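Each of the next two complexes has chain A plus one other chain: chain B in the first, chain C in the second.
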Partner chain A sequence: MAVFENSKTFSDVIVGFFNLLGDTPQVADKLIASKLVIRFIYSDPDVVVVVDCSGDAVDVRPGDTETKVIVEMSMKADIAHKFWFGKVNLTMALTRRQMVAKGPVPKILKLLPAIKPSYAMYPKYLVENGYSQYNIH
Partner chain B sequence: MKGYAGSLLYVDLTSGRIQVKPLDLEFARKNIGGLGFGTRIFLDLIKDAPPFDALSAHNPFVLMTGPLTGCGMDATARWSVCSKSPLTGFWGDANVGGHFGARLKMAGYDGIVITGAAEDPVYLFINDQQVELKDASPYWGKDVYTVTDALTKGLRAQSPKPGQVLTIGPAGENQVRFANLINKKGHAAGRTGLGAVWGSKKIKAIYVAGSGKVDIAHPEKLKALRSELKEIYAESIYISSIKSAGTPAHLDVGIITGDIPFKNWQMSDWEKVDDLGPASIEAKIHAGDRTCYACTVACKKNAEVKAGPFKTQKGPGPEYETVAAFGTMCLNADIESVAKANEICNRYGMDTISCGSTIAFAIDCFENGLLTTQETDGLELRWGNAAAIVTLAEKIGKKEGFGALLAEGSAKAAQRIGKGASRFLTTVKGLEAPMHDPRNAHGFGLAYGVSPRGACHEASLVYEIEGGAMYVPELPELADDLPEGSESRAKLNVACQDYGMFFSHCAIFCNLGAAPLNATQAVAMLNHVTGFDYTLEEVMEIGRRVWYLKRGLTNLFGARAKDDRLPPRIMTPMTEGPTEGSVPDMELMLTEFYKLRGLNEEGIPQEAVLRELGLETLADLFYRKQGS
Partner chain C sequence: MLPEFYQFHHPTKVIYGEGLVNDFAHEVEELGVKKYFIVSDQVIHSLGFIQPIKKGLEEANFVITGEFYDVPQDASVEAVERISRHAGDSGAEGLIAIGGGSVIDATKAANFVFSEGGDLIEDYSGAATLTRPLKPFIVIPTTAGTGSESTLVAVIYDVANKTKLAFSDKFLLPDLAVLDPLMTQSLPPGLTASTGMDALTHAVESYVGVDSSPHSEALAVEAIKHIFKYLVRATDKGDDLEARGGMLIAANMAGSSFSHSMVGCVHSMAHAVGGLTRVPHGVANAILLPYGMEYNFEVSKEKFAKLAPVMGVDVTGMSIDEAAREAIAAVRNLGRQLNALDAIPVRLRDAGVPEESLPTIAEAATEDGTIVYNPRDVVAEEILIHLKNAY
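Let's turn to the complex of A and B:
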């Protein structure tokens, strides 16, 4: 059974978290420096979010299926949830196509150091925003 | 003979006798190549010999290519060497890419068996059928870069095609116990110190030029497979990542799960790790791409430090293992100093994993008061002291002062230092562990423990499977989702050893560049090249036999069950980070593994197991009654 009951719940959780990352200079500065525009396509439940780092601030746009993006990442919502806890073996997830990435790999790789602080932020964010039931830490 | 050159060279350095022997087709079919040949030939050479030292003339040295070496496909340039290890005293082998193996086959030889020892320095000159031992005294004492350039240019006029050089550096001559063999300045047969074996035999180098080619049994089928794989490679993120950043790409990925050791395995994260990562490498030292023979993956990178205290020549750059060994392990965030230490290791001919780990061990001893500047020739061996790390690497290569102690390897150095220094060791069977933490993936712990050559992430495919770079759906053990912890890891190790012996030790696929291949594709490539009709079951059986041969050989040299344990430093749980509180359950895994493999209480394969696999020679050596 999927961790999140429906699209709205997962969208609220993930969009709220992306906004938090966008408001955290330690992460946001590096994301903006990357100039990447990424579309996350989640399934089970289905959610689409664009994280646009091409401007002066990180712009998070739920439901955006139109923008031409540089990177597209597809995965189940459960995998994404586990990923933000730092509990997904990224290499294995990509090899076994539990995560599918399309776009320039060197640029995608450069994001990894940028998002490193977020693994510690995610469980805290869940607790502080009324999503404690999803905290697996 | 398709896929094979068809001949083996036997060189006795004591007598100077050189023989060319035909490769037996049945032998080839039964053992595939690489260490499949190497273990058999080595065992035949030593089976009736009294005990011998690894640095004596009695230690044979065997170099073998595989049937795919030089076939022109991606990730098939590799070949292997084996001997008794001067570092561990047990079985030693190493696997290497580059261009030497392909060129050797083009000269008409699948491998070279070297016995005895020369009185004066020699090098082996091979130009197709012309094979001679020549005086190497002008090159003795010279570093790897100098000898490679001198022989490549100096002998060019004597061969119709450009030659390739495999050489040792001063570390091999000085019998540094982790000295290695290097082709093209940066392709190293790195582990277990086989460069010191060459040093003891006074063989400096092999120059090989060949005008032939590797015949393919079914070129059209191979072409079709190449097309199929082209699409798979294009979609592989793993291939794209090593293509763009080389193996140091792992600095960004391994940090997530706690795979990277810091401060001699005492930490799993560090705020300065990005100073050593791909972005820093690209900004500060990157100087272009390199590749092995015919491989379009091109995961090798050049590096250059243009100015400053760590200035280097443009040359082969540090791999992930090297960045971790001289960087994260020593809490050294200066990537230029890592590039310099890498260049020193390449010039002197030293394994970067053992060298960096031994220096990290020495820093640990110094920081804990077991060593002072009196013993270290005045070096302040502090965490992150980049200048001291680089200086010490060079002193080890020269076997000079305090460097002479560390040139023995960390395990022997710990015995000499005493005062409980062994608690800082990260060795299994005397071999320093590679830069992947078993507290992150418990199967690595068992893999390091039972690896015949000592702690090693490439002695099977556990690192690739549990680490996630490979997926082999035809073998359930290599495709199943694993539970967290140590459960099911014994079964995983057995399957990864059997398949790994076939994949990267006999057929000799590259574990990096061939990671996207499934078993069907791997076996098909072998069949298209050789014309044989191997099945997956058959190559698994061959792999299994080779694993027992390696295990048996290391047992013959004295390894026992007690040597299958991880050192306390690696078995100490982290108090924070991704691996917090996690340590491999070695008791559980070893108990299951011994049962699955049919090892007795001493860790030696049971007689019935060996005889069932047709390993009669080994069985006789262990179980034949005196006088019978």
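Let's turn to the complex of A and C:
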């Protein structure tokens, strides 16, 4: 059974977390430096989010299916959830097709060291925002 | 310690033998289709390599529906698009690549659109974009270096945007690789040495990389053993078919190894050197491999120490540090032997790299996608020290 019961809940969780990353200079500065525009396409439940780092700030746009993006990442919501706990090896997930990446994958791989701090932020974020039932212990 | 998780997936049938390119119809039969389109480059075509292969296949009732010999030195998007279009128009049911890394990668990428239609960059650039196998794809390598006949990756140059595009998918792996030493015997010493050192770099970096596994390590070790046994011989005497065969096998094993475990900081540096100064990839790897090993020394010394005897070093009585240093010395010595044959330079300055470009190269190396597989963080200031040493 999927961790998140419906699209709205997962969208609230993931969009809120992306916004938190965008407000955290330690992570956001590197995301902005990358100039990447990424569309995340989640399934089970279905959610689409664009994270646009092409401007002066990280712009998170839920439901954006129109913007021409640089990279498109598709995965199950459960995999994304595990990823933000630091429990998914991105390269292995791509090899196993748990994630599908369209576009310049090396640019995504390059961001991995930059987003390392977010793995500690995610469980804390869940607790502080009333989502502690989704925490992985 | 065993990895927490790994997978090994190698569906490519590899056949090896002298003269096999004229007699592999039996294996092609197993692929179930009759009509093939051949892809190569002008050099291979002018050497007369294609005709006997065609003849062998046609005598076995296969149909060659068309040929394409215009793959440039860096496989381009335009070439890939032309290959898929011509192959499709010709009524082919499968592809045969005869050549080095560029020809193989161009044909590999062409198989996306040839098999599935769509747009190469929009639909397939990235990782794991396919959901089912492509049309039959046969590779006959004419260099012993990239091992692309056994990798799930194709790198294509986007001339319009001056960038290299990476395509990675398990369905890109060829169905059949035909390794025939006769196909590499006319390779000149410089290319023999640089492509061979490229294969050595694949094997060493794959062996110590963060995603290494028992399977990839086993292939890397055997590849390294073969390269130390045969590379100087193949470079010195091109018609030494045993050495040519040994190098083809080594490059293939190294390719399969790094297809699973990827490469690290030597490739980060070599990609930066190549991008900024156009030094050929194999030459850059050949020069930088011992320096990259030094960069990783503290975190990889136990593995380097294990490689020392594979490289022919007698490690009796040596500490891990001493054996690891001997492994680096063995790699450096191999480069010097090839340099003595006038085959490759051993210094960046001798390859035409301007000294003032080193800081830019170091910065660019830290931007390369391969850094995530390196066993230690790739830091520009420290990379620069090793680049200066290599200068």
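What we mean here is this: the second predicted complex is superposed on the first by the 136 of 137 C-alpha atoms of A that agree within 3 Å, B and C clash if a C-alpha of one lies under 4 Å from a C-alpha of the other, contacts with A are read in each partner's own complex, and residues count from 1 in each chain.
Going forward, contacts are C-beta pairs under 8 Å (C-beta built on N, C-alpha and C of every residue); 3 or more make two chains touch, one makes a residue touch a chain.
The model shown is predicted, which means the values in this text are computed figures rather than measured ones.
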item: Superposed partners chain B and chain C on chain A - clash or fit; value: clash
item: Partner chain(s) touched by A:96 [first = chain B, second = chain C, both, neither]; value: both
item: Which of chain B and chain C A:119 touches, first, second, both or neither; value: first
item: Chain B versus chain C as contact partner of A:110, first or second or both or neither; value: both
item: Touching partner for A:35 - first (chain B), second (chain C), both, neither; value: neither
item: Which superposed partner A:86 touches (first chain B, second chain C, both, neither); value: first
item: Partner chain in contact with A:8 - chain B first, chain C second, else both or neither; value: neither
item: Residues on chain A lying within both footprints (that of chain B and that of chain C); value: 89, 91-92, 94-96, 101, 105-106, 109-110, 112-113
item: Chain C to chain A touching residues, read off their complex; value: 5-7, 123-129, 163, 165-166, 168, 170, 211, 262, 367-373, 377
item: Chain C-facing residues of chain A, complex; value: 71-72, 89, 91-92, 94-97, 99-107, 109-110, 112-113
item: Contact set on chain B toward chain A in their complex; value: 236-238, 240-241, 243-245, 249, 252-253, 255-257, 274, 277-279, 467-471, 515, 578
item: Chain B-touching residues of chain A, taken from the complex the two chains share; value: 86, 88-96, 101, 105-106, 108-110, 112-113, 116, 119
